[in-house]
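Two complexes are shown next, each including chain A; its partner changes from chain B in the first to chain C in the second.
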Partner chain A sequence: MNKNLLVIVRTVVMIAIAVVALFPIYWMVMSSFRTHEEIFKYTTLSPELFMPVRWTLQNYKDIFLDPSKPFGRYMLNTLFVAAFVTACGLVVNAMAAFAFAKLRFPFKKLLLTIFMSSLVIPYEVIMIPQYLLMRDLSWINTFTALIVPQIVWVFGIFMLVQFFSDVPRDILDAGRMDGAGWLRIFGKIVLPTAVPAMITLGIMTFLNQWDSFLWPLVVINEEKKQVIQVAISSFQSLRNISWGKIMAATSISSVPVLVLFLFLQRYYVQGITMSGVKG
Partner chain B sequence: MKKSLLLLLAILVAIGLAACSSNSNSSSGTNSASGSEAAGEPEAETVTLSFWRHDYAPEAEALKKLIASFEEKHPNIKIDFQMIPNDQYETKVRTALAGGNPPDIMALDAPTLASYANQEAIIPLDDYFAKDGNKDDLLKPVIEGLTFNGKMYAAPNNEGTIVMFYNKKMFEEKGIPLPSKNVDEAWTWDQVLDAARKLNDPSKGVYGWSPTPWGFAGHEGAPYSEMAFLWQAGAEILSPDLTTSKGYLDSAEAKKAMTFWKSLYNTEKVSPKELPQDAFWNGKVAIHVDGPFAFSYQEQNFPDFKMGTDYDVAPLWKDKNMIGTTGSWGMAITSKSEHPDEAWQFVNWVTGVEGSKVWYEETKNLPARQSTFDSFAELKEYPMNIYAEQLAKYGHPRPVTPAYPAISEAIRLLFEDVGLGNADVDESLAKAVKKIEDGIALQKQ
Partner chain C sequence: MKRLKFAAYDKQESRAAYLFIFPAFLLLALFIFYPMFRALLISFQNYNLISTRSAFAGLDNYAKLFTDRDFGASLWHSFYFTLVVLPVQTAISLGLALLVQRKFRGVGFFRTVYFIPVVVSFAIASTIFKLLYNKDYGMLNVILKGIGLQGVDFLSNPDISMWGIIILCIWRAMGFVMIIFLAGLNNIPESLYEAAHVDGANPLQRFYLITIPLLKRTMAFVVIITTMDALKIFIPIYITTSGGPAGSTSTVVHFIYETAFKQMNMGYAAAAAFLFFFLVLAISVVQLRIFRTDVEY
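After this line comes the complex of A and B, so read on.
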């Protein structure tokens, strides 16, 4: 009896939390099927508040069929940049983290400290120097400028250092004894144990890139190379906000991230618990 | 799992490298020679001018039309037009300026002009205006708003001001007499407040009076409408020589304006601290304020909410003075541009006598040129005549000083603190004065 009550209470609480978390998403998707006129019309508790009265696909048509703002193109651009940064980032950051965690070399502590301290510098401070650098490399208005500066991610290195330092030294020594080089040890022994951590980092990097706004806005000067967040922001102009378009665009833009997360969720959770509990 | 993942990585890397290398050459050059036709003539060289503007669909359409006609007329000049999200327009422009990589032509809002001019980021246009810019045709407040240190730094696309919008049906329901359409007989603050009290209906979520078009917005739209209250009460923001706000923004008149503002939100409660989206068009606000662009917005988004039956417009309210803030966007040529003469040709094409007419037809913004006013009969008729007459008789540009960004922010926060936060008027004014003084001091360094 008592146990049943506990289960009920727990279920109710969990449902309540789920509703709170999911309602904004539900509202976003439903609003994307409303006309502009309807989105803010209903403010009292009524069926109209939860369901569009006049279902319309106009918002989706508007964003995808506007030739001056090819939304599909922006999605592909962003997907390309995000996937590329994630792929390169995983390789580079994992190697750097492995070196910091397991290799012995001079000034290691100092280097790691300098690296970590860069975490506290706000992005706005480095944006202009970074822009000047891009200009000197004549990378302005190219995907290279979107990709290269984003590959090394100090937070990612930090996270993986935590993870790699838990790998017992004995295993690595055993590998050395059998004649494996560091690269082989990294690829064959360390990396396979780190799959959950890598997937976690991968999702985070991808999400970060998918959401990036300020940097692409500043370095890209050509409409057809722009990324998705800048396009969404352009629906909000000086004198009006096209809420219908924004809702449709944000609904569409959450799909890739949701899909990615659904497929890799298992590993993601595992990665968090492993890096947290061990140690 | 692992192998397929690695394969995926490898493919991504390969595609990526290919795409990067093919893209890296297309960085924006301003000048590309294609002079094979008229051998050796400098005119044969194709000049590409980059032009940046904030993104606003109806105006972008008008510009695209003007660009097309310009390129047809000037086959050797190409315009590379970039629209930038309004939110971060200044960030983008200032970063590009800092990087020495700005566009040839940039759009700017009138009061930001001084800070760009002061940094010599944009060039004076007086010589060009003297040559073929028809400066005499421009309205006086427009010239005033674009002049810094005696020189004119931008050509106006249009002028702007704001007037009162009211929900006619609600007025009639409550039996409130409708405000006059004569700009000389504008309603006083007290008359508007009186009507707002009657129109206010918290049980239905209806507010009587939203004195600023977008509520407490984080952008220039808020100070634009708020400054009018200060000027109407007889206060000034800066001294006439624009060197200090001490003794001006903390005057008794300013205190009166702020006390009135405070009462709207806190004791009378006729104004919404949180303005619902499209409140006026959804019948959640009875008295509203907006620019001429509101008409096309209504037609597009609220076709069933009609002028004449559902709503009407009247001149802006007044107190001691009748004043409406003015100023809108113009086009400037950057000092880094290698082709200022060609850039002027384009600027003059868009903002000149003929261009202004096209611009008005497309955007229905208030013209900056007398010749445009003279060519459209509808500008002398209701509702546009209210904008036009109010502009001509009672227009007041925002202060043209390099410290304007600080002023805009100080005014915005001042009205937020007092309205939203119910803060003490004297303290808030002192804070605003200090902020402006700091901004001015920073410019002097």
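After this line comes the complex of A and C, so read on.
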């Protein structure tokens, strides 16, 4: 029947697209296990093209042991910066979001508008003065430059405002009656209800920082303080660098993130959906 | 709830609110608003990092931009890129969303797989594709030659180098847009489709008469976001071609980056950034007007 044919066609199309989506990643991981000679050896269609013949971990050893390009160091740098920004960002943004969502105070609308208006300011415009500001503060080549300007995230504040507005005001007032201060109410009553939202925001912040490229490229020139994405791009400008090493570097910096995503994808996808539907 | 008078605000509550907002506000003022203001000032100056002298230049930077061929070319490349990516990527993503919208066995697997490229960072995706595109040893050309086609020199032929970058960007972004479309599709009530089915509408009619009109808000969001992101394309350019060959892939942000941090000409770069900003803003406003929706459901 016609309908069966349709299902078959659809399934074939879906599998084909899945192959396109996954192939570059598969190829990256496979190449990272190849020896230097092997990568350039097979230039015709053959099974060897899709699977290493002699599996090797040499590429991984090389990138971690090379003292001029200490890859482990780059990973630790990035991890440190991303974790720090995520932790500070969650606190600062959640506090602001709570005030906007639940508290009553003069000039709330005006302040909210000011926060909102920052969303139209493009990064390209403020990048140059931000760099000059870092220079004036002597923050160039420090992690402070990577962390402090990245903490506040207005999009994150708005996402949390949506979540916090569902918290009934009565609970807050009840907390007040019991003599709890606002900080306590925020920490003990409001935050626990927003754990999924905080996870979502946390993942998005962390991934943004893990992927961060342009800003570190501009403010970090010292080899030892570089972050992972910029380090990978600088690998390619080296002469005679083996593709296997580049692929080992990209694999080791993306596969853990991919695995993490598989476990937490519900939260991540939810964050995107919210930005799309309410935006 | 009735409007509270100024005096009726709880003093303690107001104070708490300001304290809660203060850290975010301070960071915002220092790292977003102040730089924005300073960018405007710098754009009116001859601000060169090497000579560390800055002289007031009035509108000179802006006037110079209008006759700068490199800037013009970079603008054109950004627009060309966007004009291709916007329709192609939107269509592919909508197609993907429609494919995985219905619930059937294994649909979750496909959704996850289509989304995976989004999680790969732009720098890494660009690196992978740069090697995949390699003329002699790249997998893509090996496959093309293997099935009897001509190899394509994706990144070093000025005529098609932009296409290499376009493919890479669509590969990475399609899953992201798919998720947004999926959310939009799920907001359309199933009863509408059932009613149309009863009235004898075929699947194509249902798509054009129900799905597309009711997807207008989602579509507006996708179009505006895609346009903004596409116009600002930078990372893949920087990594795969550095604007070459022969400047054929230099986009506006790449031009700004080169001018500011390679030639150290901050004033000129800031002026270019501002000009570009107003252009993007104008385009977004026009798009918002076009998409202003009156469909309710």
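The rule is simple: the second predicted complex is superposed on the first by the 210 of 279 C-alpha atoms of A that agree within 3 Å, B and C clash if a C-alpha of one lies under 4 Å from a C-alpha of the other, contacts with A are read in each partner's own complex, and residues count from 1 in each chain.
The rule we apply is simple: a residue touches a chain if its C-beta (ideal position, glycine included) is under 8 Å from a C-beta of that chain, and two chains touch if they have at least 3 such contacts.
Just so it is clear, the model here is predicted, and its values are computed rather than measured.
In the superposition on chain A, A:F40 contacts both chain B and chain C.
In the superposed model, A:I128 lies in contact with both chain B and chain C.
In the superposed pair of complexes, A:S233 makes contact with chain B and with chain C alike.
When both complexes are overlaid on chain A, the residue A:W182 reaches chain C alone and has no touch with chain B. Of the two partner chains placed by superposition, only chain C is touched by A:P24; chain B is not.
When the shared chain is aligned, chain B comes close enough to touch A:F84, but chain C does not. Of the two partner chains, chain C is the only one touched by A:R10; chain B is not.
Here chain B and chain C are compared by how many residues of chain A each touches, and C touches more. By the touch criterion stated above, A:I147 is placed in contact with chain B alone, chain C being left untouched.
Looking at the shared chain after the overlay, A:P192 reaches chain B, while chain C stays out of its contact range. The contact surfaces that chain B and chain C form on chain A in the two complexes overlap at residues 39-40, 43, 127-128, 131-132, 213-214, 217-218, 230, 233, 236, 243. Touching chain A in their complex are the following residues of chain B: 2, 8-9, 12-13, 15-16, 19-20, 23-24, 26-28, 50, 54-57, 60, 64, 82-88, 91-92, 95-96, 98-101, 205, 219, 221, 276-278, 281-282, 284, 291, 293, 297, 301-302, 304.
Residues of chain C touching chain A in their complex: 4, 6, 9-10, 12-14, 16-18, 20-21, 23-25, 27-28, 30-36, 38-39, 42, 96, 99-100, 110, 112-117, 119-132, 136-137, 139, 142-143, 145-147, 171, 175-176, 179-180, 182-184, 187, 218, 221-222, 225, 232, 234-235, 238-239, 252-253, 256-257, 260-261, 266, 269-270, 273-274, 276-277, 280-281.
Of all residues in chain A, only 36-37, 39-41, 43, 68, 80, 83-84, 87-88, 90-91, 127-128, 131-132, 135, 138-144, 147, 192, 195, 213-214, 217-218, 221-223, 225, 230, 233-234, 236-241, 243 touch chain B in the complex they form.
Chain contact summary for the complex, chain A toward chain C: residues 10, 13-14, 17-18, 20-22, 24-25, 27-28, 31, 39-40, 42-45, 49, 92-93, 95-96, 98-100, 103-106, 108, 111, 114-115, 118, 120-133, 148-149, 151-152, 154, 157, 181-183, 186, 207, 210-211, 213-214, 217-218, 229-230, 232-233, 236, 243, 246-247, 250, 253-254, 257-258, 261-262, 265, 269, 272-273, 275-277, 279.
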